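Note that chain A is present in both complexes that follow, paired respectively with chain B and with chain C.
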Partner chain A sequence: MSETITTTTTVTKGRPEAIYETFERKSGKDKLTTHYCPGCGHGRAQKLVAEAISEMGLGDRTIFISPVGCSVFSYYYMNTGNVQAPHGRAPAVGTGLVRARPDSIVISYQGDGDLAAIGTAEIIHAANRGENMTVIFINNAIYGMTGGQMAPTTMVGQRTLTTPSGRNAATEGHPMRMAELIATLEAPVYVERVSCTDVKNIHKCRKAIRKGLQLQVERKGFSFIEILATCPTNWKKTPQDSIKWVQDVMEPYFKPGVYKDISATVQPLPRPEPKTDRKELEKILGLQSGKTVAKTTGKIGERRIKIAGFGGQGALTAGAMLATAGMNDGLQVTWLPSYGPEMRGGTANCSVVISDKRIGSPLVTQPNVLIAMNRPSLDAFEQEVAPGGIIMVNSSLIDRKVARTDVKAVYAPFTELAAGLGLKAAANAVAIGVFLAHEKSIDRERIYEVLRTSFKKKEAVETNIRAVDAGYEYKA
Partner chain B sequence: MKKELIKGNEAVVKAAILAGCTHYFGYPITPASEIAQAAAYYFPLIGGAFVQAESEVAAINMVYGAASTGVRTMTASSGPGLSLKQEGISYLAGAELPSVVVDVMRAGPGLGNIWPEQSDYNQMVKGGGHGDYRNIVLAPNSAQEMCDFTILAFELSDQYRCTAVVLTDGSIGQTMEPVEFPDEVKPAPAKDWAVRGDAATRKNLVTSIYMSTDQLQSLNQRLQKKYAEIEAREQRWEDYRTDDAQLVIVAYGVTSRVAENAIEELRSRGMKVGMLRPKTLFPFPKKRVKELAGQAAAFLVAEMSAGQMIEDVKLAIEHRKPVEFYGVSGGNLPTVEGIVKAAEAAYRRYS
Partner chain C sequence: MKLPAVEIKSNQCKGCGLCIDSCKPGVLSLSKAFNLLGYQYAEYKQSGCTGCEACYYACPEPGAISIHKEKKVQVQR
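Our next item is the complex of A and B:
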């Protein structure tokens, strides 16, 4: 979607439509004046933002984010949709807003503590993702709301309540130039720093705000407008002296100017439309309509199976196939893999429970069945097998016999049988075949069905079926 | 729907989409990452959004933003991530924004490890952030319940305008079991309070700041009234062989699954042992626990922690019956033998 809104810079006389006539949300009796101090930069900046919203006809579409700091009460004044955000998180909140409502105009209006200290991560990453929002950054080199402490943008030497001897660069660092920082990122479309001190600068500021909003209307992405602003109260200066301080001290360090503008070349962002049709969702999610009908009602009791091998032998897949076949047979099943770094260490195992009644624990500590696909697996789990249980040993890779005498041991060369079929990777299918030969809990036909739906290529299905049969028919 | 063999973590995502959730914001962490991975796959396909946030803090604040517009939205993580999200969850409570948070618990404190524990109970059930608030907390113990409780979480969070947490553990999140996804899910209610960036909602405000002390107190009173209503109406539990039980095991999540096997063994040895499994941790099923205190001689609380839920059990029965504890931690899993041993000792002592 792309639309054009005229960006003539007519100057609104009096109250812009996007500022409430009376401030009903403000506590106390005075509903006509703002809480900002005389000469505060916020009052001026917010009026310019409201003018732009009004003149561009964006009042209904705008969601204004009130941050934490002096502008926390912006929702008293802004006649738009309003969301108040936690300290520093406005760009993340804004991300949620624009992703959910792509046609809304989101303004993240933040001070220097909010944006450049506690919210540094949020602003950098919203900018880096190129979220379709306009950020208005009020840089007045001090914390206002909390009464005049150091901000990340406090000038070197500037006295604040937490830099009583003046900011010392050696211990407190240097003032951060956020416009320059943001401009180094690829995604932001437009980054400008403006001052808000005299008529000429105010005009520039007005233009910058409109441009930011216009780019959002065109869905061109992220824009960042830093406004150098006054804080007479906490600077302990008169409004006039404050303006002079911006010009003499701040502007030489925080140089006004356009730091990035790629608006002429970027393409509008796509506008996703969530699907609501249930059938379409089912298709995307791969859900099948109907009910699973039990194919057998065999009484098998409960089989607790551990399958272990090295990564790549398909121990986990073999377990999942048994579980799927069991489920299709109308049995209760669970499958639990080992997970995390141990998966990357070379060995993998899974626990499978197949039962004709409700399964309690999916954890298998005393398996009835152990399928050991390599030597470390036999070493690790032999002692865990329940007395009377069965251990199936891949004799291709395991050069020792089962030491226990209270369990049954079955030996078959899983790997060689698979290699004989030309598919070494089918050793796990051979293992399943061996399992089926000695454990009558699952019908071989169910395994064939699982194989038919697991592999796309007919050839792979057939080889795996032959591997299952080879294991099933193997006689030591 | 036909049954599908699926991990609990992945069932969460499919269930969320069926429930009309369109926006997922998250950060990867073991053992919850499958949720983010499945979300990254499915949410763009349905025309919604998946955003991998720069931090857990950002992720929960993205949920705050999306929830402000009235869409169904969620995030998921594990212990260390939830600690970081607590700030945002407090704001969600203050602003009364419906939202779903999944916590697939791992072992703590600190970085701990990636294996299961149930030691996030206090931070999720009691409210881990600042201020007087509660989350609805649902405790699934199977992949099927990971599906069902995710959908229920969206419904309850919309109904009560609060955060609903699906609190599970690494084992339940990682286990694949057959899941039957529901044929139908009730559509979300209208949300006339939302801020959508349109004419109809222009007058609306989402906030948790109230400068008037009386206004903030009345918000708090309203929240407490809401939580009382949730406690009265939403207690959910499962009775497992409690009808004649002299010893009642109280356990949730994977611990309750292990306890089932233990009860089988204890019953075979002639001991009348059953289990009360809370499905909701807030509200805690006090009503049922209290009733059982009239019947049983003693309780055994089993948890993968040093004992957190046990406090709610003791409060519910007002110390009228002895409450014993079986716990494992560090990522160790409860064992059938361990529960049997603890239960047998308690049984012999008290019945």
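Our next item is the complex of A and C:
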């Protein structure tokens, strides 16, 4: 017969399991404390997040996204999956994560410069799509990491590095209430603002974080928890005065409270089925399977090509076609378009490198081949061509000869030849033909293949093929 | 030591004093000495802790404060 007896054991509340015991990723000797300043709100908030992850048993499923800002090094501390996102992009990165790994718990942890300034678009749209993620928004009314510049959440009158006489609403706008803003959207399930100040309010933070994570576990969708937090260093206040400042100055404007909660009525989101089948993906993306076996001899060295013309002449497309053809031929290729104000009339250009070895840089500063489709292009790039290189000139539009004597010049009326086929827009295909006639790096058949996949209409394919042939066969 | 009790790892403390403010019974104080990081650190007066955990949540450092408590458990024999 068994009897029940009551004994006592010792229990300890200490560092949450979801925070590493030692911070091996952190540089320097001290691997036991965080890099946060004394009294920093990040430390408290992150400890609460880690505690929730640990106690809810989510450590093995969680992906914590570190933002840019003082919490950029969260991956030193969080004993979870970690991703560090570019400034403001955490919700976009998170979107990828929740869709590709639907069983993960994704936490987008962001500061107010990160979320409410540079990342405004990402947060609004992730919220609007109702991505199944939990956003922890640390509102400390300033850019911490960079030394105390004004954030969108900076209080009116608050002195920062960039508002030395205090934020002026007339010139710098009003502090943005992100929780309220997000709550107006249809999709978010739960939006709350909490204030990480005294014991009572810290417990409210704790509860809100748990609720956000629980809703994600239940696939209920997007939750947003704004935490009013301190930055004693940049506020130039003691940790005690900082807490008081949150209470006296921030709270009356950024009122804590639940701004939206439809969690009781909302249905769980369907679990997306990520497609990981290679064959299927190749089909969706229109990719070929596996590596192409080189069809030409492949020993072409490295050809550095610049194609330039005015916007609409198809210089960029011609470059992309050449590069694609080279790639299909098993060669290494790069294609680098150059956009800019030139797109409106002057010169639009692209750089193409086709090589039988790995390519070091996609920049073409000294082309072996220049295809000049209009006069400004020839004027702009003639001097850059490497000695011994070749310049292909669209003589329909360029009324001068190549001045250089140390390069080979080829003249062909790209535009007239194309117009003769009834499609002026195919001047770029003529240019490709001229290129192929003088540069034996790619087989003409490879270009035909590219043309066949580039155009939907059969006539367009055929006219372009004829344009390539016209350029190829043209004799000056 | 009598439980409940708070344990503060002096070399993980940054001396912000937030735990001290949060402690209702007032059993925490700041040391005169400096720790390895160069901060004066929080110390327990060695009695009077109620185990309320307020200081634990007030502290921004993950490992600086631990609270030890007794818990009654029932075991089958």
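The rule we apply is simple: the second predicted complex is superposed on the first by the 261 of 476 C-alpha atoms of A that agree within 3 Å, B and C clash if a C-alpha of one lies under 4 Å from a C-alpha of the other, contacts with A are read in each partner's own complex, and residues count from 1 in each chain.
By definition in this document, contacts are C-beta pairs under 8 Å (C-beta built on N, C-alpha and C of every residue); 3 or more make two chains touch, one makes a residue touch a chain.
Just so you know, these numbers come straight off a predicted model, no measurement behind them.
Asks: In the overlaid three-chain picture, which partner chain does A:97 touch, first (chain B) or second (chain C), both, or neither?
Replies: Touch status of A:97: first partner only.
Asks: Should A:333 be classified as contacting the first partner (chain B), the second (chain C), both, or neither?
Replies: After superposition on chain A, A:333 lies in contact with chain B alone.
Asks: Using the superposition on chain A described above, determine whether A:170 touches chain B (first), chain C (second), both, or neither.
Replies: neither
Asks: Check the contacts made with chain A and report whether chain B or chain C touches more of its residues.
Replies: Answer, by number of touched residues of chain A: B.
Asks: With the two complexes superposed on chain A, say which partner A:15 touches: chain B (first), chain C (second), both, or neither.
Replies: second
Asks: Output check: A:360 vs chain B and chain C. Expected answer is one of first, second, both, neither. What do you get?
Replies: Only chain B; A:360 stays clear of chain C.
Asks: Is A:125 touching the first partner chain B, the second partner chain C, both, or neither of them?
Replies: A:125 contacts chain B only, not chain C.
Asks: Touch test for A:77: chain B only (first), chain C only (second), both, or neither?
Replies: The answer is second: A:77 touches chain C but not chain B.
Asks: Could you give the residue numbers on chain A that contact chain B in one complex and chain C in the other?
Replies: none
Asks: Which of the residues in chain B come into contact with chain A in the complex?
Replies: 1-5, 14, 17-18, 20, 22-23, 25, 30-31, 42, 44-49, 51, 53-55, 57-59, 61-69, 71, 73, 87-88, 91, 95, 114-115, 170-171, 174-178, 180-181, 183-184, 195-199, 201-202, 204-209, 211-212, 215, 254, 257-261, 264, 333, 335-336
Asks: Looking at the complex, which residues from chain A come into contact with chain C?
Replies: Listed in rising order, the residues of chain A that touch chain C are 2-16, 19, 21, 30, 32-34, 36-44, 46-48, 50, 77, 198-199, 202-203, 206, 232, 238-240, 243.
Asks: Looking at the complex, which residues from chain C come into contact with chain A?
Replies: So the residues of chain C in touch with chain A come to 3, 9, 11-12, 14-18, 21-22, 36-37, 39, 53-54, 56-77.
Asks: Enumerate the contact residues on chain A facing chain B in the complex.
Replies: 25, 27, 59-63, 66, 72-73, 75, 79-86, 89, 92-101, 103-106, 121-122, 124-125, 129, 272-276, 278, 281-282, 284-292, 320, 323-324, 327, 332-337, 339-341, 358-363, 365
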